[in-house]
Amino acid sequence: MLLAAGSLVAGLAGCAGSIGAGSTAAATSPAASASPQLSGTVTVYAAASLKATFTKLASEFEAKYPGTKVALSFAGSSDLVTQITQGAPADVFASADTKNMSKLSDASLVDGKATNFATNVLTIAVPPSNPASISSFADLAKPGVKVVLCASQVPCGSAAQSVEKATGTTIKPVSEESSVTDVLGKVMSGEADAGLVYVTDVKGAGDKVKGIPFPESSNAVNTYPIATVGTSKHKDLAAAFISLVTGSEGKKVLGDAGFGAP
Amino acid sequence: MTFHIDATLRDRKLDVSLSLGQAETVAILGPNGAGKSTLLSVAAGLLRPDAGSARLGERVLFNFDGGNRVWTPPHLRGTALLAQEPLLFPHLSVLDNVAFGPRSAGASRAYSRDVARHWLDEVDVAQLAERKPGQLSGGQAQRVAVARALAASPELLLLDEPMSALDIHAAPHLRRLLKRVLTGRRALIITHDVLDALMLADRVVVMEKGRIVEEGATKEVFRRPRSPFAAGLAGVNLLAGTVTEDGLRTPAGAEVGSLHVAGLLDEEAEPGRPGVAAFPPSAVSVFPDAAHGSPRNSFPVSITDLEPHGDHIRVRAGDLAADITPAASAELGLGPGSHVYFVVKATAVQVYAA
Amino acid sequence: MNYSGIPRWIYGLAVVGGLFVLLPLAAMVLKVDWTQFIPLVTSESSLTALGLSLKTSAASTALCLILGIPLAIVLARRPFRGQRFLRAFVLLPLVLPPVVGGIALLYTFGRQGLLGKDLELAGIQIAFSTTAVVLAQTFVALPFLVVSLEGALRTAGNRYEAVAATLGARPTTILRRVTLPMVLPGVASGAVLSFARSLGEFGATLTFAGSLQGVTRTLPLEIYLQRETDPDAAVALSLVLVAVAVIVVGLSYRRPRHATTPVEAAV
């Protein structure tokens, strides 16, 4: 009985002071936000490239705050923005680029300001045997090399375009895919000789592809922002999750996966 | 130039051996499921028998006996099939339907159409040449089908109940036509109609359960049928048994039980040999009680059916029938299930060898 | 005879069923920015995608006819061991997610695939080519032709063929002059359905052929890509695709009725 009454009080308190509590939690250190009254489910919409890292962080979050649950939904950032603007019950949105985060804040659906928590750069992915002997970004422009890129309409494609512009290289791709996973898939299956994907994608693919870093990638650094969704009913939980991602736990997990610091 | 077929098909329980002369038309009679259509399909090459051989003139249609098996596909056999339904190709005009055979044989379009016109004229439907099959009546369509079969100049014409799908007005017309075109041709015709057999066939073959049970000249078979089916078609009562000095004794399992039938012996009927006793329904009287005294036969029967037959009533008791006047029927109060006696004079009963 | 024997409540559910299909289409039409419609659908990338879609769909329909007619004839006319399995497998693309079809094609015709290696040695490269798009479309569209034609063949029966054979026609002549003309409505509607299915093919193409303007980016792939940046363009193009599909399917349902009339009358 006593326990039930306690959690009821906690729930009420969480509702009443959500905005205030949330903003303080985000501002202060993760340890300070480990208040015992956190409970319930926080729904996190995250870019597809965050799947591995956020899945890991979610279980760390649940371990840190017993009684909480993290519901994760992964998709392309623009798909997620569409879903949230159509009323999807998201508490946290983590985007793979600042453009999609801006779209959400333009729609007045971001609570406060978004925090940048990671960066990602392009790398060349080749099949393990590297059949076309690619060693530099310029090699991608060689005739006869089957290169797959993202279409310019999607973030990884516009990043590739920036690098091309900055280096004055013109790549003639055999295909312009609509997602980075499709690019990676074509390289993994050996259909393509090379593809431009993110460092984290190569890391996540294990030994099925080989990554060839190139210095010119610094011309297009992709920044990942995270924010509480304006319509969230669990803003305290959202803030706690964001502070975990931006805190030391998040830095470690994201760093291990190949993400750079913001 | 003869046609001979010898075929066994275990699935359909077919086991038949049959020969046809140069210009002979043979009618195949028999109950449903007797294997008549199967025989035609085997002859046409649409069904493969398990064993046997067939020959049409010099051409081996198939030979499954002996070492090297021979199988001639349908289109090389020269056996045109005319089915119950006309089966005219719906997308071709009447003229092109009839020209189909010559065209398939490699003739030019113009020549094939000339041949087609000739045959359409022959079956009196030349005016329908430009129509599509969908615009023909049943009788017209079947005439066109006859023309189409003949235009292919088959060496053997196979007709599978060509009249059965026609209404009673169209059938006589087609029958006359067939009589005309079958003269001098070799043909096998399946029919259920005595009239077809009498008018069109030189010879009849009766099939039952996949085998030929009776064959002979058409008139002879109907005059003195030996199989129940032929007797039924000929409209006579038939009892099978063993010939005696003055008639016939039926076996224990017969329709009327084991009894002696008094009758007139045919000269070929030998006492002690198998034979049949035949008598027309018109010779049978119906009595409520047994009528004794020679020379009369009196069979105890149970009535199964009554049906109009001309201006008489046909009283059926199993395979036996009697024709009596409506007045007599009413007087006797006959109905299905009535136990009565069929009485026939010995002089009306023909006993001949089976 | 006006009696239909249909219970009244059936009409209610039928209306709901109709709305279920029509409402989303109507919603899309409402969403179209009509002032921008013409510029959106006549942009270079849109026209290129539409042209490619029509071209590849026509090619895959032709391929479906070449491969599907014999397949349907064998399935409909000649019982053989394993026929049911063959039919089940031929129909599989109907129920398979197209992306699975794409993966399967990749492992067949891809560079590292079953046939791909030999093809590459022979100098034929299918991956990332328009040929790959046609193969992907044929893979998913073939069952439509086979199903439609096999049904027509079974309905027609083989009695006409038997008669034709006894009239002296060789098997090839029978096929050309009897079988095919008689099932022409089935062939036509099957071809139209195959064309429509090819036109809408997305998953297998994306997986197997890639996406490059003018080479492999068909209209559905263009729509999918436009959606990332320009939802208005995506909606406008979707409407174009719906319009083409409606015209094509509409044609297929009008044609057979004319052509079957004589067949029905004769049978």
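Lettered A, B and C in written order, each chain numbered from 1.
Following the convention adopted for this analysis, contacts are C-beta pairs under 8 Å (C-beta built on N, C-alpha and C of every residue); 3 or more make two chains touch, one makes a residue touch a chain.
None of these values were measured; they are calculated from a predicted model.
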- Message: Based on mean C-alpha positions, which chain is nearest the centroid of every protein C-alpha shown?
- Response: C
- If we define chain centres by averaging CA atoms, which chain lands farthest from chain A? Would you check? B
- So which one's got more C-beta contacts, B-C or A-C? B-C
- At what distance in angstrom does the C-alpha mean of chain B lie from that of chain A? 87
- Query: In angstrom, rounded to a whole number, how far apart do the mean CA points of chain B and chain C lie?
  - Reply: 52
- Query: How far is the middle of chain A from the middle of chain C, if each middle is the mean of its Cα atoms, in Å?
  - Reply: 39
- Note on the structure: chain C residues touching chain B in their complex are 159-160, 162-171, 173, 177-178, 181-182, 184, 261-263, 265-267
- Message: Can you tell me which positions in chain A touch chain C when the two form their complex?
- Response: 76, 78, 82, 146, 148, 151, 153-154, 173-178, 182, 185-186, 189-192
- chain B residues within the chain C interface of the complex: 44-46, 73-81, 83, 85-92, 100-101, 103-105, 132-135, 141, 148-149, 152, 154, 158
- Contact set on chain C toward chain A in their complex: 106, 110-112, 127-128, 206-207, 209-213, 216-217, 221, 224-231
